[in-house]
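Below you'll find the structures, each written out as structure tokens.
Consider the two complexes below, in which chain A is the common component and chain B and chain C are the respective partners.
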Partner chain A sequence: MDDDIPAFELGDKLAMRCGNTLTGVFVPGSKIALSAFHPVKWNSQDVPTDSAGRDPVLIYMAEEASLSDEPLLRSLLAEANSTFATLQQMGHMKVVNSEYLKISLTYRSIIRAFLEKVELAKKSIDVQPSQIKRYNEAIMVFYAVECLWHLFEILYMEQQQHNQLVVQKLLQWARFHFPQTEDRATDLLLMADEASDCDDYWPILRTLLMFGEVDVTRAILCQSRKAREPAYQAAELILKSMPVYKEGYALQKFLSQWEFWHLDLERKLQANIFASEPELEWLLQLVCGNNEQWNAGIKTSQDWYEFLPGYLLYTKPACKPFELRIVATSWLNRWSQLKPDWQMSNMSRMVMQLMEHDIKVFIYDSQKLNDTHWFSTHLIDLVYQSGHLKSYFEQNSLDLPALRHSMIYEYGSYLMTSKNLWQFGVDYLDCCQKEGEAAIELLLPRIPLKTERQAFKIISLARQRGLLGVEQEICKVLSKRSTQEGRHGNALEWAIRSKDVILVTAIADFILQHYSNTGIMLCPDVLASFGARMFISPRLVFLAKYYEFYELYRKREFLSAADLLVNLLDSKITPDYFWPSLLIDAVPMLESKDPKIFSQETVAILRHLETELVPLIERNKRKTATFSNQSSKTVFKDFRVENIEEILNLMRLACARNLSRALIIEKTLSL
Partner chain B sequence: MAANVSIHYVSEKISKVRWVPEQLQESERFISGSWDMSKNFVRIWRLQSNQHQFGNTDASLDFTPRCNDKIAMQDEVNGLEFVDHNTLAVGCADGHLSLFNLQRAVEEDKLQFQARSERLHSLKRSDSSAPCTAIAAYGSDVATVGEDGVLNVLSANNLKQVKRSIDADSISLFAVTYVNQHELVTANRMGVLRMFDTRLSSEAQPKIAFMAACEDDKASNFVSAITVHPMQQHILMCGSEEGTVTVWDLRNLAYPASYLTAHNSPINDIRFHSKDPSKLFTAAEGGEVWLWSENKALNESNQKDGNSAWLSGERVRTLIDLGGVLTNTRKAINSFDVHGSRLVCGSDTEAVYIVDDIF
Partner chain C sequence: MFDVEPIFTDHKDVIHDVVFDYYGRRMATCSSDQTVKIWDEDASGKWNVSSSWKAHSGSIWRVTWAHPEFGQVVATCSFDRTASVWEEVIGEKVSTTNAPTRRWVRRTTLVDSRTSVTDVEFAPKYLGLLLATASADGIIRIYEAPDIMNLSQWPVQHEIANKLSLSCLSWNKSMYMVTQLLAAGSDDSATPTGKVFLFAYSENARKCVKIETVNDITDPVTDVAFAPNAGRTFHMLAVASKDLYIVNIRGVTDSTGTSKLDIQTVKYSDHNCPVWRVCWNMLATMLISTGDDGCVRLWRMNYSRQWRCAAVLKACTEGGGPTYEPAPPTPTLANTASATAKFYKKGTIGNQVPWH
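Moving on, here comes the complex of A and B:
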């Protein structure tokens, strides 16, 4: 077992001083924050510790080094994500098994493409040694993943289509994962009749046969200078006549043919036909399944399963998956007896688990691979969707849906919390019903907001899922951020998006107060274009309408301006602090040379003056009286404070004058 | 969906793609810019015939893009336009504009850094840079807009000097396009479009503003993409947050000329075909690219009175055929470009989609 837990040293001075203890806290995003720790108990004395103030308190962030930092790996994650999504869609419409097989093939081709890319990157010029190490790790992990997936596919996904004969498939699998021999075989073929001069001519031929490459072996033997000799001719005949199972054959017929051929071969070997050519005889002994020769072969192999498919070809060509279990066990025993000092690697063990139909342990082990659970998550999902092995899980009382759910949930949360993989993570969490939705709701607002564009992408994800809270939270954050920058227009727009009435009112208040204090209207371009959106807050309606008045006034359209002003006065949405500004705005229009306000409106202004402003001033006076020590912290901060009585009088006079003027004109007109 | 779509995973979220301009032949190179990565790059890709033919003769697998060169950027790439055949302007989220020079070669093309502007977009109070959100090019002029609401015009010949800086908006700007040599249209997050004249100073700008139409007038609706008809420059199209396209006749800004409901997610990019102005493309956050083509036969009679099909209001739908070029990619298509009959898309799926024979 390789249970070596990675250890690292912090060397924190403070921690060493106080007894070399550390404390750690989990931080969102699969990180751990570590810092020095000094145990304090109920009976510790409340005095400064020895180490107080001598060393700075340092906090270390520990993060699991994962492969996802590798840019090349992203393509694997991205492609697998899209295949995953396709598979989920298939789940909704019942499809045939071959479709699931296609998905499985797609996953494997993704891994192969990835491995190819990494191999290519390893060879590029500007690659650093540290990167090569990472690449090698990635290759090792995903090579194993591909190998296991391939075997899984053969044993548990394909068998329902074909009539359960696995030997040919297993041969392909073994050849693919031990490709060296095939390369050498190609060399030999190219060398034609000079091939037999090579030192490793016979070892290669033996290995080829042990991989079940009968045809290639024959081709090489035919090129031999001795090909015309009777022993070679006989061997050629034997190999050529070896029955190979083909699709659509009657199994019984094939088996009896094979038995016959096998007996014939045994007889020929016993008759010492090949005695003149010991090497050739060795080859045929292998084909015959002779234990002695195979044991010798085993000693040259790298892993236990390397020659198992070949052995099956010559001894049990019609082996079925459920028979494989017994064969594999006995083969493994034989293998470990011949190689007593052999240590079983993780991958070899997982291959064994698959062959022995020990899926439970296989799944358990597959989660230990350093691939951030990429393999186990996608494989389990595929198994769940395709419905294979359903009975197995039921018999072993394994809750497959729950297992899949938790795997996908973990994997999705991992992606969501790792840097810039959130868009993929969401897809996985989407398959996790309520829990997934809750996780999305929690994790989406945690994505650091860099630009507004990115914020909208997150908002768009939230909207698709109906997570209004997330959308509003993001908008609020951005609104606050803009306020801090003094960009009130921007802040106001975000606040409107956040649908937070209090926030909108606060910003509108700020703009109004700023105007009444300084006479400067902030962000006029925004105020002009709210449209119907202003109805979110009465204060915003007031602001927008007041701005409209302000614009009309500026454009010298006094008649409409006066109309609007009276409307505003009547509207009952005027904030207290704005009454003085609003009423004073009326003065120039009351006093202008040509009359602009009708008598009725003038009366309205006068009424508001007496019923709104005067009581307000009274209230204020009382407040300033009770807190006279405070420097008049009131709504009248500006110059109008000192001369408030005078201004009141002026306004009353102006109203009176305009009223008389307007009455005269109106009466004259009506006559 | 068009038949020949090929997907190439590039391990980067792509924010912008542009074909490298070619005069006489179909372009085989394109430029991509990435976003939201720990390191963002501008890359040049070249289509290469596929060496592994896996025994299938599918035309779409004939070529694969291969990265020839890359330049690391300080931040996300938000704007990518060619100023001339070999010069590329790049707007970056750190508020700077950069110029790269493209050197075509037989074997490996090269990208070379040429110039970088001063910080064009910044937040005044905290003195931090604000992202440049979009750029537009006209001749050798490049216009940039940013989240700070400023519109800058620079000349590609001298990036050190800003020709004109206009405080265009108090809200973040999301898109910009040239209407003609001197006039620009910007769009902000509230859906307000404004027109500016680069010859006038910030104070002297005419106040021309118009709103993108919206289904629900109480909903917020940003405009994220605008473009101008290549032949009839008074026709302005803008794509918005709710997925609709609003068409404006710039000679009459009182009301939109047409309002077309289209996608059901924000429109990320909108462009006419550079050679065939009867074709318009839109790309949406939901992962679709649509092709809008003017129905030639029906438009015959219309063209006589000089009216474009796009300006015919309610009748647009009968005059324009709509088709999907790319559908169901599940994640946002951020940008696309068409050259000849080939379309390239950059997406959040971290893949580049190349569509052959789009017509």
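Moving on, here comes the complex of A and C:
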């Protein structure tokens, strides 16, 4: 297979220079970034390279050409996704083959609907030339997909339940994919007896017959002005009496009837019954399967398989799928002899592979279609689910379950890493067991978070799958992003959601420090609404409680405020840096003319002043002494505590004054 | 067929590293011209430089992104013997119509190394905000930012000395089996010994220690990369050396009940020449190797879990001349240059690289 490795050429000047090479990295998503590479050893000198400033330095974003970013394709992907889900559901129950056939039909009708939509879009007025090119490409690819799927369905899915006769089905298939003749036939029918004046009257009739449209041919012939003549009458009789296999017939009986009819036709041709009407005779030669006439027909056909079903109808009407292999091979040989300069297209080759029962190669080739592996993935899954071809895969030592798993896994992860398609991808990865789950866990958090709404969507998907880590990660990213944008309330909300105590504490610290530095309380609306969620972090509890105090104070509810303040002082959750701020908050209330703080509380404040703040100042002093190079205010950056000693004295005095006032009013001595 | 979109980088010398952020929407490039550039992808898929600055006084070897939950942070390492950590800050909004200005601020310069710092990489996020550097004197240093709200402090947590000069390192992203697993490679060519080393945190020694040397690889190593782990029960390490290697690392428990690492090395000689760089895709289903033969090889794991080369991307063209003639980077011509060019493809079969 080594020669089979596809090679692509870039032609970058810098990368082609002597000593340089090309390097590439994966871009998260589906791209590859290529650039010139200049190898260096650790001990080489650091000097500008020869090419410095001469060759332009480029990066190439390379992406395998695909249609998946085509908006029209979205509906196809979405509908296929839900059909796929239905099929997986069926996998859990035992269902009859006809159900699988229905799924196959659904897939095909999805493609047909898509093709119609694209055709329509092509005709819209404001369509760009570049778009038309893309549309044509899409039509080409998915048209081929439908054609191949249809044939696969006839040969490998329907035969399981029917009588294994494929000719009629193949005729339908061929007619559908070469519809031009049918249109012309309709024209001829509408023209009634004037039809025979058309230049291409006979060529159309010939083509019709080669597509096995015996009845339509008859109808057109009947309208002819010569319809009453004996040759026409005889032809009508032959065509009318042609035995057609119908459901429930005994095959042997049909075959002997057909043999009889065929011999009769041969005899009549030999008897020159139609010699007076050479064109009509030509038609009947075709019906008889005469080589000369068919060879002439082959030369007018567009692809090798176009008239094969018709030929079968007149020469081997009871052909079974396994016989098709031989017939198709000889037909193809005959075809390529008659058209020596014909090049086999991809699709023609794949049709051949299907007819020759060469499924292994077919599966390989189907992955080369430019459909982002839509076809191969869904078809292989359907084959696996329905259990068809099981023995074939076993004989050819092809591990179908592994192949299916791998295809779905790749397709799902491809969708998940494509812009706007990730939601479809999740469903595919969901049926890849542990590996799929792990892939979702890796890919889900890496979907770019454009809006919070999208973030919630991803989080709920993660939750459904119990991926707590993903939820946490997304919350933390959004928290960090909000912090960077200065939306601190939002940052705190996301941090709480992430349940990361360190992060919550860090943000609460930031808000408290900001307050003690500037006197401005950030995001008050958020701080008021924590409820029980605040208990995630002691620091957040402190922040919430402090904010409560701040609000009470602002509303001049001094008694409750004082109460809360003392509670906070007692709480043992006050961060070191906030002590000065907290104690200073007490000063106005202590200095109030009518006491707001009772004697007991005043004593408590005084105690905290002496047991918390004073040692803190001492510690700070020592630190500043040992590390004289550091700035003196490692803990107190607060502008209000620049003169901390002064404030300390002020506070002591305020406490003393309030204590005396309170004691007088309380008239009790509980010391 | 590949669609190719060329980007003029305006770097004045070769690029040594192109690295994408977690989402693939931002790109950092560093070059011998001593500058770092940060690129952003806009809604239409175009890449624009959003920042560019002179970051070092020597060639910049590598650049690495921190996980976005630590903010917009990159680290760089250079021939000038330092590594630096940079953080993007958003300025005050000047007006309501303009987007706020963004700029990158140097948070710290790590000056512990006495030789060229050859590689730098942030640890997986579950370990916190950790940064490992490898240097030419053979020392691996692991730094930690204790305060994620303030990235100016980066004390050294571990320092591991090795006998050989180091050229590259890679953190293992997965927590399976071993925590804090780190691989480093040496491009020393004087000794015939193993060139890939594995380090892990030892509970007993309470520090990071060397736990294993991959003895199968004795040629100079220029790049190592741990694969992301999507549900595998073993670790994969890609190694760029004289050939491409994939090292499978399994944890096994022997008869005495002690667990150790079982190391299996697979060699891929398709390049037929030294390999310089390796890179995994997001799920480790694909691998890119950079050969000295002017080729990038794309490897794919097939359904029976074998690695196969799936495509070759060549620097040169059959005719020898560039198929894509870059226009001088003037504003008017840059437009025409950004029009999609296509890879010429050898052969006529198919459109897509098959998966299996």
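Some notes on this structure:
Following the convention adopted for this analysis, the second predicted complex is superposed on the first by the 551 of 671 C-alpha atoms of A that agree within 3 Å, B and C clash if a C-alpha of one lies under 4 Å from a C-alpha of the other, contacts with A are read in each partner's own complex, and residues count from 1 in each chain.
Simple rule for what comes next: a contact is a pair of C-beta atoms (placed from the backbone, for glycine too) under 8 Å apart; a residue touches a chain by one contact, two chains touch by 3 or more.
Here the structure is a predicted model, which is why all the values come from computation and not from measurement.
Of the two partner chains placed around the shared chain by superposition, chain B and chain C are both touched by A:Glu485.
Of the two partner chains placed by superposition, only chain B is touched by A:Phe456; chain C is not. In the superposition on chain A, A:Pro129 makes contact with neither chain B nor chain C. Of the two partner chains, chain B is the only one touched by A:Arg497; chain C is not.
Once the two complexes are laid over each other on the shared chain, residue contacts for A:Gly248 go to neither chain B nor chain C.
By the touch criterion defined above, A:Pro179 reaches neither chain B nor chain C. Once the two structures are superposed, chain B and chain C can be ranked by residues of chain A touched, with C on top.
With both structures placed on the common chain, the touch criterion links A:Asp46 to chain C but leaves chain B unconnected. In the superposition on chain A, A:Pro340 makes contact with neither chain B nor chain C.
Across the two superposed structures, the residue set of chain A contacted by chain B and also by chain C is 484-486. By the touch rule above, chain B contacts chain A in their complex via residues 9-13, 35-38, 76, 78, 93, 123-126, 131, 133, 147-149, 169-172, 174, 189-190, 192, 194, 209, 211, 217-220, 222, 241, 265-266, 285, 330-332, 348-351. Those residues of chain C lying in contact with chain A across their complex are 1-16, 18-25, 27, 29, 31-33, 47, 58-59, 61, 68-72, 79, 88-90, 115-116, 118, 125, 136, 147-149, 165, 167, 187, 222, 228-231, 274, 276-277, 279-283, 285-286, 288, 290-296, 298, 302-304, 308-318, 321-324, 326, 328-329, 342-347, 349-356.
Touching chain B in their complex are the following residues of chain A: 69, 71-75, 78-79, 81-82, 85, 419-420, 423, 427, 450-454, 456-457, 460, 484-490, 493, 496-497, 522-523, 525-526, 528-529, 531-533, 535-536. On the side of chain A, the complex with chain C involves touching residues 1, 5-16, 20-29, 31-43, 46, 48-49, 51-53, 56-66, 346, 363-365, 367-373, 376, 399, 402-403, 405-407, 409-410, 413, 417, 434-435, 437-439, 441-443, 446-449, 473, 476-477, 479-481, 483-486, 502-503, 506-507, 509-510.
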